[in-house]
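Note that the chains take the letters A, B and C in the order they are written out, and that residue 1 is the start of every chain.
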Amino acid sequence: MSGWEPVIGIEVHVELKTESKMFCGCAVAFGDEPNTNVCPVCLGLPGALPVTNERAIEWITRIGLALGCEISPRSVFHRKNYFYADLPKNYQISQYDIPVCHDGFLEVEVDGTRTLVGIERAHMEEDTGKSLHVGDGGRIHGAEATLLDFNRSGVPLVEIVSRPDIRSAAQARAYAQELRAVVAELDVSDARMEEGSIRFDANVSVRPEGSEEFGTKVEVKNMNSFRSLERAVDYEITRQIRALEEGGTVIQETRHWDEEAGVTHSMRVKEGSSDYRYFTEPDLLPLVLDEEWVERARQSLPELPAQRRTRYAALGLDEQAVTVLAAAAPDVRELFDDAVAAGAPASQVANWVTGEITALARRRDTSVAELGLSGGTLAELIALVEDGEVSASAAKDVLVGVVDGEGSPREVAEGRDLILLSDAGELEGAVESVLAANPDAADRYRGGEKKAIGFLVGQVMRETGGKADPRLVNQLLRERLES
Amino acid sequence: MSLPDITIAEASALLAEGDLTAVELTQAVLERAAMTEAVLHSYLTIDREGALQAAQESDLRRERGSSRGPLDGIPVALKDNMCTRGVETTAASQILAGWIPPYDAHVVERLRQVGAVLVGKTNLDEFAMGSSTENSAYGPSRNPWNPDRVPGGSSGGSAVAVAAGSALGAFGSDTGGSIRQPASLCGVVGVKPTYGSVSRYGLIAFASSLDQIGPLARSVEDAAILLEAIWGHDPRDATSYPGERPGLSPALDGDVSGMKIGVVKEFSGEGFEKAVQSAMEASLSALAAAGAEIVEVSIPTVEVALSAYYLIAPAEASANLARFDGVRYGNRVAGATTEELMARTRAEGFGPEPIRRILLGTYALSAGYYDAFYGKAQQVRAKLISEFSAAYEQCDVLVSPTSPTVAFPLGARVDDPLSMYLADVCTLPCNLTGDPAMSVPVALDTDGLPVGFQVMAPALKEETMFRVAAAVERAVGFEIRPPLEVEP
Amino acid sequence: MPIDIDIAHVARLARLALDESELETYRKQLGDILEHAARVQSVATDDVEPTAHPLSLVNGFRPDEVRPSLDRDEVLSQAPEARDGYFVVPPALEVE
């Protein structure tokens, strides 16, 4: 299979979670009774007219900016003409030659290698209704009837088209995941693949390595998880290479991914169905988004995943910590930011929030936010450990006490008697008696066997009921033994 | 003059003075319709019960002193391409036979709000495609001045109802002249306002960038009353003009002294009947006598406006009529697959003219032909707009005949689509530019058939347009009642 | 300019099940009309931007607010075929 280079582009459809639909006032809702969120406009009744939802345009502007796109100062809606039972007007209001957003990029990383994937465009359109195939013969094959529900008809849809810059199935998956993370961060879509609120189609072709020309591309549809996207692309690459190596050809077509069988199937190619006869939608006015509009959208952008990773790295977190934290829930990241702002060292905070604190929330079947910890409290707890007032293991108990409302970390540590003895005077006696009781060990240390000090530290800890600061004990013993 | 032949202004005054009730007026209109409909066929649906009930309610309001203005209790008719909740709406097509809309068009809502009595739904060329009302799937309407002649179209039924006294006023839609041309052929006033003046919400679309709703009436004043009731912003139509519109009554004094009136020189000569040309000259003399200055202007691109129109309108129509597929409403012809069901439903449900225009529009938009046809037509449209703007820098209004001919015999043009299309040559440029235009009856030819005079004005300048129309009406003194020798 | 029209293809795009003789009639009529319409090509428009709209308004937004939907029974009462709250059509897809 070597000697071939896959060329992949991804088309993504994102359903926006606006209150109302793209061009009418029907509610955007998932899972309602069929045909209950419908009106003359989204049913395509005679005489109905579309009117653009302003928020949807705000949100596609944000998506575009988050993907580094240019925002067209003037764009237009087009009618895309094709007949399909779940498309009520038998044309879809979409955009054609002038989309709202164009020429952006998204950085993806696979096995430590970063790649910039170009975004050709992101445009605004409306979703179709849903077809439900029923009959004895199974889901599609031999279906006896098709039931139509138009609740989804007219839901705002943003289509994001990448450039063919992707070179492997793993990269395709990474692109899809990163894009989903961006959309989720913008809080403009439920972005759930399993519910279809974010949908990925892949355009796959292969060409001989070193070739500049593109091979024949195949559109692969019907992937409902990131894993199935990766599998489908992988399968399609292999299928195409095999076909070409066996002297066959690849035909331009749309193929359906069959998750169970792990293969793609050809959809029957409909003759002439690809002539969409785009023309300007005369029922809608041109979209004119001035600089002020774009600037307002830019101001409303949250920190994006890539920016966040850069910021974490700059705080000194290692790659592992950056990855884990960047993928963590928003409340976890917020606690991290607050604790760092309160002066705690970033790597310690990262350990706490993604480790013990997340685990505690999970044990209690709640969220990190619900634990009620403030950044200042966490910083105080970390400082207690850093300053040797509380041991690392006792700090976990302090955390539980804080969460249970027993007071500040210091109050809990004191209340639960977890403060380490840090007064050298108080420890001297214990050190003295341990050295007196264990002359052999002391001698071995003096004789050069430095690790013998570990035993002595352990004895002092036992003597003090575990409340001594081991670092201080270590220091005191060393001073005594080396004097 | 008998009761259903009075103007809205007259009827409104009688109602206000208590000399007439809305029920009496509505009954008179219904009786007139009962007498004339068998021949004239202006209505597809008469809502007798609904009309009488609305009239009763109007009379009750008036008794209580809460009348809603000049249209309260006035019987009016609606072209059957405007949705009426609970009343069958067909656009004169088999494909929509029996369809009961679940909602009212914006215009219908407005008319109900002002207390108008909706008599029924008038005949039209199927989906408003035609210039004679012969393309109705339910049979043609006939011209009340001579039932062997067409009433024009596509709002033929509305023009006939107003001319014959089967309604005091009516509403039509105008995509290439569909209000003005039948108004001209039936001897009534017809107005196409500026594109965006009247919400299209609930108007079954033919060509969205050209369609505009407007009134047909027996006088310029009545047309103003009807228009003022329906225009203004509607948030459900994105192309609806959001600004305030001035009242039209100051314009009705018809004072045109000092105004500059441009005669479009391309709208004369070959193809224009003698009676049409002489009526034009007489009207211009009358305007000059009233103190207006008459100048000649040239708008060269109108020569190809018809060509551009017959690419743009069918292209938009091909998409607008795609929704009639037998899936969600209307008639269905069965098929083994959805694809077959749709193709059969459409082939059987649409008449020849919609099919012709759907095919034409589909072709003009299809791959490989778009630039040469549709794209080029849009450029011609832009050029036409700039030429009209330039002309309006020289004059206040432009004028022309409304139609090159008087009403032609039924059947004369049905087999020659192109000759039928030529009926709109004077009217369609203003649909392409979006500017307002109206037709005023000015004369009868030697056969007793009416001739109309078209007044065109810059966008949003309806007041100027009505002023000139009122002046023409006053100067010409046209007696607008047809002989009604139509007893079956 | 003689205009070549693949009328069967156009009819298929427009979802119109027309028979041979109908297709032929429409092909001829379209040819005549298009020959006339082709006069647009004689107009010099190099310096003209195409216009799809007679108004110079822009955007025409509506706020993102939910408005009442239609009553389902009223809607489905107009459907050629309905079942369990759905519109019904014959199978649409034939996937092999």
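In this section, contacts are C-beta pairs under 8 Å (C-beta built on N, C-alpha and C of every residue); 3 or more make two chains touch, one makes a residue touch a chain.
Keep in mind it's a predicted model, so treat the numbers as computed, not measured.
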Ask   = If you average all the Cα positions, which chain's own average lands nearest?
value = C
Message = With centres defined by CA atoms only, which chain is the most remote from chain A?
response = B
Query = Using CA atom averages as chain centres, what separation in Å is found between chain A and chain B?
reply = 57
Note = Whole-Å distance, C-alpha centre of chain B to that of chain C, is 23
Query = Using the average of all C-alpha atoms in each chain as its centre, how far is it in Å between chain A and chain C?
reply = 41
Ask   = On chain B, where are the residues touching two or more other chains?
value = 99, 102-103, 209, 235, 238-239, 318, 322, 325, 327-329, 338-339, 342, 362, 366
Message = Can you list every residue of chain A that touches 2 or more other chains, as numbers and ranges?
response = 40, 43, 51-52, 83, 85, 90, 146, 148, 275, 277, 279, 282, 284-285
Ask   = What parts of chain C, by residue number, touch at least two of the other chains?
value = 13, 15, 52-53, 55, 57, 60, 62, 70, 75, 87, 89-92, 94
Ask   = In the complex formed with chain C, which residues of chain B make contact?
value = 99-100, 102-103, 195-196, 209, 235, 238-239, 241-242, 301, 304, 306-308, 310-311, 318, 322, 325-332, 335-344, 346-347, 350, 355-356, 358-360, 362-364, 366, 372-373, 375-383, 385-386, 417-418, 421, 432-435, 459
Query = Considering the complex alone, what residue numbers of chain C touch chain A?
reply = 9, 12-13, 15, 52-53, 55, 57-70, 72, 75-76, 83-96
Task = Enumerate the contact residues on chain C facing chain B in the complex.
result = 5, 7, 10-11, 13-18, 22, 26, 29-30, 32-34, 36-43, 45, 48-55, 57, 60, 62, 70-71, 74-75, 77-81, 87, 89-92, 94
Inquiry  = Looking at the complex, which residues from chain A come into contact with chain B?
reply    = 40, 43-52, 79, 81, 83, 85, 88-91, 146, 148, 275, 277-279, 282-285
Message = If we count contacts the way the header does, which residues on chain A are in touch with chain C in the complex?
response = 18-20, 24-27, 33-40, 43, 51-57, 76, 83-85, 90, 131-133, 135, 140-150, 256, 265-268, 271-272, 275, 277, 279-280, 282, 284-288
